[in-house]
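The block underneath contains the structure these notes are about, expressed in structure tokens.
Chains here go by letter, A, B, C, D, E and F, matching the order in which they are written, and residues are numbered from 1 within each.
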């Protein structure tokens, strides 16, 4: 299943174009974004949980996909991810459910990468 | 036109996977979601109007599609649906208009099912 | 309890100032807003349910207060209003709950006007 | 690259259907929408900047595309558009970034029309 | 400083009224809300981080206050809370900053309880 | 009328506390926020229009107040500000109107500073 590969390829291609645009504000946001998810007072796992659940309540499919990929990398189990997404769906309401469907599909496809 | 069939098939497939995941919070939200739209102090028609317009102001295409399908089932006319969507667009602003376009397209395709 | 009186007084005072400003776009929005809640294909009661629940999922306290006042005028019972707000809280999530608290307080104070 | 043509064709087709539906509220919103972006106290360029950045912080891809097309018509440079989108991304947060990717792709495709 | 006491008193008073209203949907949401933050696949601390940051990106002051209180109970340090709120502000954008100000004020007042 | 003085005093006091907290992510966001509104490819006036209207569609009263203060500093007339807020209200919908009331009140009080 090609979901993660297609997502990552498009994301990388466009990020390169954005960075090549020499837009100072955008570059600094991207830079800060990279640093913010490094280990600090909070560990990597906690930060990815924050990234995943905030993305879900704000209903951004691409952000959810990105953080699901990172959640897999840092070793979260399906049970942990599902529980976090359950809390986020409760906070954000049933309007989140269509994004939850796509998140489940993406998480499943990540297992086959 | 295949819009409603495709939408319903994907929705059913993913809902089954979500329910099979044994995530307790999510299961309870789904359960509550089913019950909330049953006849109570408010009748079915009023509840579907609430579901449709709240989905539109929150700009969730899939939620709008789902409630348009239910609105057709409970017998709303095109005039009633359009007026409800007009009020929702006024409340939610012109940022809702792209979702209104897709809602009109979906409602039209529902007539041919 | 003075909640509804204070709310209505401030709302009326500022609406007059806004209308006196001769801002054409704003005037037309206000005008359209007044017309949209008149009886049309949908009756007054359905329109107020739409106004109340959309205001709640968008988490606008003042809009909720305004529509609670109208819901009382058109004769909705406490049971009906609570059920509508329950559906809206389900759609919008637990993030809506603080607004639900203030809505309950305001509805209570409306009974004493 | 066909992005702008496809976008404009779908947008025009559906706008015609919506206008043909005789929904009074919607018609008046569309009418007001057309007038609001005409020259007034503010010039066309300022209004398109408002349209573009508000669309981006509200994360509506279609609205962003529409205003990018208008921004090109009124003569904004790539540097100006990128800076405006940078400010909007700062206001709206990193959750805006996936929309920024699609905005960059669309702006690029607009140069080839 | 009385902030936490006033907040908790109003919250408790209104929650009791809401629960006394016998609105079935609302009761079930409240019930689910209580259960969702119990230890499960994820521990209490991770769940409170999710609650705090989702509340901040959704810009709900009361929800932020509630979860700040719980974050203190489960032993988060000021450094950890500030880092989590920093990530949330990055995700949600500078529009979150006014809520961050009130969060800092509330966290400070929690130290004096 | 004390609105602008109170607003500015609280804002300054809390910003100082936030900057004193040594939270690296937050500091960099604040820093970037200051730089983003400097003259660049776009002039100060255009940037303040962006700040004002984005704040209004995102319905952040404090952000609206801050940018109204800056709009006065860079010389916008009441007619220009009202037209910009009209466009923002159209984009964001009638749910913006309560914020528009407070914006009108604040702009009026700014004239007496």
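Methods note: a residue touches a chain if its C-beta (ideal position, glycine included) is under 8 Å from a C-beta of that chain, and two chains touch if they have at least 3 such contacts.
Note that the structure is a prediction, hence the values are computed from the model and not measured.
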Graph separation of subunit B and subunit D (steps between touching chains): 1
Path length in steps (a step moves to a chain that is touched) from subunit C to subunit F: 1
Farthest-lying chain, centroid of Cα atoms versus that of subunit A: C
Pair joined by the larger number of C-beta contacts - B-C, A-B: B-C
Copies subunit C and subunit A - interface residue numbers shared by over half, same or different: same
Whole-Å gap separating subunit D and subunit E, where each centre is the average of the chain's CA atoms: 36
Between subunit E and subunit C, distance of the C-alpha-averaged centres to the nearest whole Å: 26
Cα-centroid distance, subunit B relative to subunit E, in whole angstrom: 31
Set of subunit A residues in contact with two or more other chains: 24-25, 29, 32-33, 36, 40, 54-55, 57-58, 79, 82-83, 86-87, 89-92, 94-95
Chain-level touch network, classified as line, ring, star, complete or other: complete
Subunit D-facing residues of subunit B, complex: 59, 78-79, 82-83, 85-87, 89-90, 94-95, 97-98, 100-102, 104-105, 108
Of all residues in subunit A, those that touch subunit D in their complex: 10-11, 14-15, 17-18, 21, 23-26, 29-30, 33, 54-55, 58, 60-63
Residues of subunit D that touch subunit E when the two form their complex: 57, 89-96
Residues of subunit B defined as touching subunit C within the complex: 32-33, 36-37, 40-42, 45-47, 49-51, 53-55, 57-58, 77, 79-80, 82-84, 86-88, 90-92
Sites on subunit F touched by subunit A in the complex: 24-25, 28-29, 32, 35-36, 40
